[in-house]
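So, here's a batch of structures to check.
Both complexes shown next keep chain A, but they swap its partner, so chain B is in the first and chain C is in the second.
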Partner chain A sequence: MGQIEWAMWANEQALASGLILITGGIVATAGQFTSWWFGTYSIVAGVFICLLEYPRGKRRKGSTMERCGQKYLTKVVKVLGPLSRNYYIRAVLHLGLSVPAGFLLATILGTACLAIASSIYLLAAFHGEQWTPIEPQPKPKERPQVGGTIKQPPSNPPPRPPAEARKKSSEEEAAASAGVSGGPQENPVPVVDEVV
Partner chain B sequence: MAVSWRSWLANEGVKHLCLFVWLSLNVLLFWKTFLLYNQGQEYHYLHQMLGLGLCLSRASASVLNLNCSLILLPMCRTLLAYLRGSQKVPSRRTRRLLDKSRTFHITCGVTICIFSGVHVAAHLVNALNFSVNYSEDFVELNAARYRDEDPRKLLFTTVPGLTGVCMVLVLFLMITASTYAIRVSNYDIFWYTHNLFFVFYMLLMLHVSGDDWEPYKLRRLYFIWVCRDIQSFRWFADLLCVLHNKFWQENRPDYVNIQLYLSQTDGIQKIIGEKYQALNSRLFIGRPRWKLLFDEIAKCNRGKTVGVFCCGPSSISKTLHKLSNRNNSYGTRFEYNKESFS
Partner chain C sequence: VMAFWILNESLSILLGLSWLGVNLYLFIDTFSWYEEEESFLYTRVILGSTLAWARASAVCLNFNCMLILLPISRNLISFMRGTSTCCRGPWRRQLDKNLKFHKLVAYGIAINATIHIVAHLCNLEHYRRSQSTEAEGLLAALAKLGKTPNESYLNPIRTFHTNTITVLLTTIAGVTGLIISLAFILIMTSSTEFIRQVSYELFWYTHHVFIIFFISLAIHGAGRIVRGQTPESQLLHNVTFCKDHYAQWQAAAQCPTPQFSGKEPSAWKWVLGPVVLYTCERIIRFWRFRQEVVITKVVSHPSGVLELHMKKRNFKMAPGQYVLIQCPSISWLEWHPFTLTSAPQENFFSVHIRVAGDWTEALCKAFGAGGQARKESWSLPRLAVDGPFGTALTDVFHYPVSVCVAAGIGVTPFASLLKSIWYKCESHTQLKLSKVYFYWICRDPRAFEWFADLLLSLETLMSERGKAHFLSYHIFLTNWDENQAVHIALHWDANTDVITGLKQKTFYGRPDWNHEFRQMAYTHPSSNIGVFFCGPKALSKTLQRMCRLYSSADPRGVHFYYHKESF
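Up next is the complex of A and B:
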C-alpha cells in the first residue's frame, strides 16, 4: 500500500458526510422532533464542511481531477493557511464537529461517517500528506510560429528499412562518402529552407 | 448529426430494453409492497402506529432486496467469459449486451445507495414513532419496550438496528471509495474497500432474519404443565394465580388457557390452599392426551400458525414434534420450538 494517498479518500468521505449531515439536519428541523436545534447545528456544520472539502487537494504525483468550479473555493480555503493545509488539524476539527450531531437520531449517521473521515485524515497526516491548492496553469506567453523550428526535413522518414540494413548501409556510406547530412535518406531534390 | 434509426437500434436498442425491464420490475415491486402495507388488513394496527414510514421502509426494502440479488451477477466474470465464448450465446447482439455488465453493476449500485437512504430515513422515523406512539394495547407489535424509549437505544440494541447501522457504514466506505476520481488515482483503495461486500452480505442475512416485528400474533396462550408431584406446582402456583386474576380483571379470561397435569396418581391430588381454587379446577390427573389437545387447538385456530414451545424431556419432545408435523383438516400450521435445560 506504498503510494496510496489517503487524503483523497478522506476528502470524499468528508464531503459525503457533510451532505448526510445536511440531510439529517433538514429532517430533524422540519419534523420538529425533540432537541431539533441539533438539527439546525447539523445543517450549518454540514454546509461548512462541504465548503471546506469541496476543493480537492493536489496529488503528489500525476495530475488531479478538479471538481467543477473549485477554483473559487480554492482561493478561500488557501487563505486559512496551516488550518487548511495540515491534516492533523482537519482530523481534530471533523471529530469535534461530529460530536453534537450524535445527540439526535436523524443526524447520528452523519456523526459516524464524519468520525470515519476524521480517522482517515489522521492516517493521511501520519503519512506526511498535506493539502496543496491546485493553481491554475499559466498559459504559455509565446506561441512558437508554426513551422518556425523546422529547418530540415526528417532525417530518417518511414518507410524505414530494418535495423540491420540501416546499420550496414550507414557503414557503407561512412566509408564511401563524407559529409552527407542525416542517415541513409537521399533526397532526390535539393532541400532549401523556405520560410513561408 | 442525424441519428440513423437502424444504427441506433443495433447499438442501443437491446440495452435500453433490458434497462426498461429492470426499471419496470423495480417500480412494480415498490408499488406492490407499498400498497400491501398501506391497505393490508394484517398490517392495520402497525400502519396506525407508523403511518407512511412503514410503507416507505418496506417498499424500499423490497427494491433493495431485488438489487442486492442482481448486483453480483454482472461481476461473475468467469461466467460471463464462458457465456461469451460458448455456442450458447450465438448472436453478436447478446455478446455486445454482455459487454455492458459493468454499467449494469453500477446502475444497481446507485439504486442501492438511493433506496438505502430512503429505507434508513423511513426506519429512523419509525423508531421515533414506535417510541412516541407506544401503547399498552399493542405490546407485541411494538419494537419499543416502553413509552418514550430513546429511539437511539432501539437503533443500537436490536439486531436489525445494529446490523443496519453497520451496513450503512460499510456502504459509506464502499461508495466514497468508488468515485471516478479515486478509481483513477488510487485503485487500491477502491479494490480493497469493495471487497467489503462480503461483510455487507453477512450483515444483510442477519438484518433480515432479526427483523421480525410480528413473530406470532398472540391471541391465546395454552399453558400445559406436567408434573409428577403435586408439590412441584407450588413453584409457580402464585404466579399463575396472579396472571389468571389479571386477565379476569382485564376482561380477557380466555387469554391464557392453563392446564395442569399430575402424572403420578398416588398421593395428594389437590394443591392445598383456598387461593389456589382456580388452579385446582384446572388440574387433571394423568398424562395429557396430546393428540386430542392438538386437534382442539387446530379446530379453534383454523388456518392460523400456532407456535409450540416445549421445555422438557425428550419423550414429550418427540411426541410434540411429530404432532406438529402432522396434517390436520383445519389448515392450521404448528411451528415446533424446543428448549431444554438438562
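Up next is the complex of A and C:
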C-alpha cells in the first residue's frame, strides 16, 4: 500500500461528508427539529466544505482527472495559500467543523464522516503530501508543418532537370565567384522545342 | 434471426428495467400496506407517513442487499454459463456485464438508504414530540401507554427529555444503523473511478468493510423498535371505534388497552442465501489459487510479447475465452485478464502478454523477457490462474462460411480459434464449416508478429494438406509512413509479402467493406454466413450495417449473421 496518495481518498470522503451535512441540515431545519439551528450551521459548513474540497489536488505522479468545471474554484482555493495547501491545517479545520454538527441527530452521520476524512488528511499530512492546484496546460508548440518530408518547393519553373542535375548546378554556382543575381533564367539543360 | 439480434442489444436495458420495476413494485406495495394496515393505525397517529417511507425503503434495501453479492461471484457465474442449457446466446452475454449490474444495485442501495435514514430521523423526532406536555388527545394517550406494568408501550421514546442522540447510541438499531451507513459511505468513496485508478489496493481493501456491513444489517432490526398492535389485541380492541374513545380505554370493556409488539427482524432472511454463496465463492477462489499451475514453456518474442505455456489439472477451455492470472510475488491483490491463445485440443494452455502497465512490466521482467539472461525453471515466479471465463467463439463452427474480423489487439481470441480450426481439419472431423475469411486490421504489425508467424505456419500446413483455399486472410495496415510505402512499392512484384512474409499480400489502408461483402455474397449465394468481430465500436457498427445491407431478402439467398463480441 506504499504508493497510496491518501489525500485523494480524504478528498472524496470530505466531499461526501459535506453533502451529507447539507442533507441532514436541510431535513432538520425544514422539519424544525429540536435544536434545529445546528441544522442551519450544518448547511453552511457543508457548503463551505464542498467548495473547498471540490477542486481536486494534483497527484504526485501520473495524470489527475479533474472534476467538471473545477478550474474556477481552483483559483479561489489557491488564494487561501497555506490554509488550503497544508493538510495538517485541513485536518484540524475539518475536525473543528464537524463538532457542532455532532449535537444534532440529523447531522451526526455527517460529523462521523467528516471526522474520518479529517483523520485521513492527517495521515496524508504525515506522509508529506500537499495540495497542488491543477494548472491549465500551456498550449503545445505549434505542430511542425505536415509533410515535412516535402522538399523545398522548386525554385525554377518547368522544365526542370532531375535532382542530381540541380544539385550539381547549384554547386557550380556556389563555386563560381560573385553571385550572379537576377538576370534572365538560365536553363541548365538546353531546352528543345519538340514538335511531334 | 432479426429478433435474436434485437434481443441481444436490448436485453441489458430490459434487465435493468426489470430490476427497477421490482424495486418500484416492492416499494409501492410495502408503502400502501403500511399506510392502510390496521395494526399500525396507532403508530401512524404518532408518525404519519414517514413510517411507510421508512419501511418501504427498508424492503427495497433488503432486496438490493440480497442482489449485490451475486454479480461478483464469478465462479457462480461461470458455473451457470457452463452447465445450464437455458443460458444460451444473448443471456450468456449478459453474464459478462456483471460489474455494471453490481454498480447499479449499489446506487439503488444508496438511494434507498438516504430515504430510509431521512424517514427515521423524522420518526424519532415525532416520537419525541408526542411525549411533550403540549401533545393532546389521542397522541397523548398513546404516548402514555406502557407506564403501568401490564401495558406494552407504543412509543420507544419514553420521556420528552430524551436526547435523540442517546437513543441512537443506546439502541441496537441506532448503533448498527450508524455503522452500516459509515461502512457504506467508506465503500462508496473508495470505489470512485478516480480512486480505483490511483490505488486499486485501497479500493479492494476498503471494500472488505462489506463484512461489517452485512453483520450489522443482520442485527439491525433486533431491537424491534417499530411496533404495531398485536393480533390478539386487535380482536379485543376495535380500532375504528376505539380510536375516538381514547379517554375510556381503561374503563370500558369495549376498548381494553391496546397491546403492542415489535416487528421481528427480516433482513437476515433476505441476505443469508447470497452471503453463503459468496462465502463459497471466496473459498473456491482461494482453492483455485492454491491449485498448482505448471509453466511448461516461456517464449520471449522480440516485440516485447511474453508467451507462457501452462498446465493445470482439469482445465478445459474453448476458443475466445480468457483467464485471470495472479502473480503473488508481484501483487497479492491483482488478477489480470488475458485471452487464451492456445486451442482446446492442445495439452497446455497459453497466453500472450504484452507490456502495457506496471504489472505486466514486472511480470515480463520476472520471466526474463526483454533479452535478459535465461531463467531456470525453479526461479520462475509462481502463478495462479482462475478461469476460463467469457463467451466462447464456438458459434464459428455452426456456419458453412464464417467471417472473422479482428482489429488491433482483438486478434488474440482468433489465434485460439484459428489453431482450433487447424486441429479440427487435421483430425478429419466432418466440419460444417468449409470456408473462413479472416480480416486483420492493424496499425503496427510488429506488436503482433507472433500472430503473423501463426498465420504463416497455418498457411504452409494448409497448403501441404491441399486445403489452401479453406482459409483466406487479408491483412490491412492502417498506419504506414512514406519510407514503408517506398519499400513496399519497390518489392511489389515479389512472391511473398514483404512485411509479413506471407503469400497473401498485405493491403494498405482500411478495407473497403462494401467490396468485401459484395464479393462474399457473390461467391456464396445461398449460404448462412456468420460474422464475428473483436475490436472498437465504430468498426462494429460498420460491420453490422454491412451485414444488414448485403443479406438478401430471399430466404434462400445469402444471409449474414453478426455476432457481437464480448470476448
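Everything below uses one rule, namely that the second predicted complex is superposed on the first by the 147 of 196 C-alpha atoms of A that agree within 3 Å, B and C clash if a C-alpha of one lies under 4 Å from a C-alpha of the other, contacts with A are read in each partner's own complex, and residues count from 1 in each chain.
Basically, a residue touches a chain if its C-beta (ideal position, glycine included) is under 8 Å from a C-beta of that chain, and two chains touch if they have at least 3 such contacts.
The structure presented is a predicted model; accordingly, all values stated were derived computationally and were not measured.
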Discussion item. Taking chain A as the common reference, can chain B and chain C both be placed on it without clashing, or not? Answer clash or fit.
Written reply: clash
Item to complete: For A:108, select first, second, both or neither according to whether it touches chain B, chain C, the two together, or no partner.
Response: both
Worksheet item: For A:9, is the partner it touches chain B (first), chain C (second), both, or none of the two (neither)?
Response: both
Worksheet item: Residue overlap on chain A between the chain B contact set and the chain C contact set?
Response: 1, 4-5, 8-9, 12-13, 16, 23, 27, 31, 33, 56, 59, 62, 65, 105-106, 108-109, 112-113, 116
Fill in: Residues of chain B that touch chain A when the two form their complex
117, 120-121, 124-125, 127-128, 151-152, 155, 165, 168-169, 172-173, 175-177, 179-182, 184-186, 188-189
Practice prompt. Within their complex, state which residues of chain A touch chain B.
Written response: 1, 4-6, 8-9, 12-13, 16, 23, 27, 31, 33, 56, 59, 62, 64-65, 105-106, 108-109, 112-113, 116
Worksheet entry | chain A residues within the chain C interface of the complex | 1, 3-5, 8-9, 12-13, 16, 20, 23-24, 27-28, 31, 33-34, 56, 59, 62, 65, 103-106, 108-109, 112-113, 116, 149
Item to complete: Can you check the complex and tell me which residues of chain C touch chain A?
Response: 114, 117-118, 121-122, 124-125, 128, 164-165, 167-168, 178, 181-182, 185-186, 188-190, 192-195, 197-199, 201-202, 205, 482
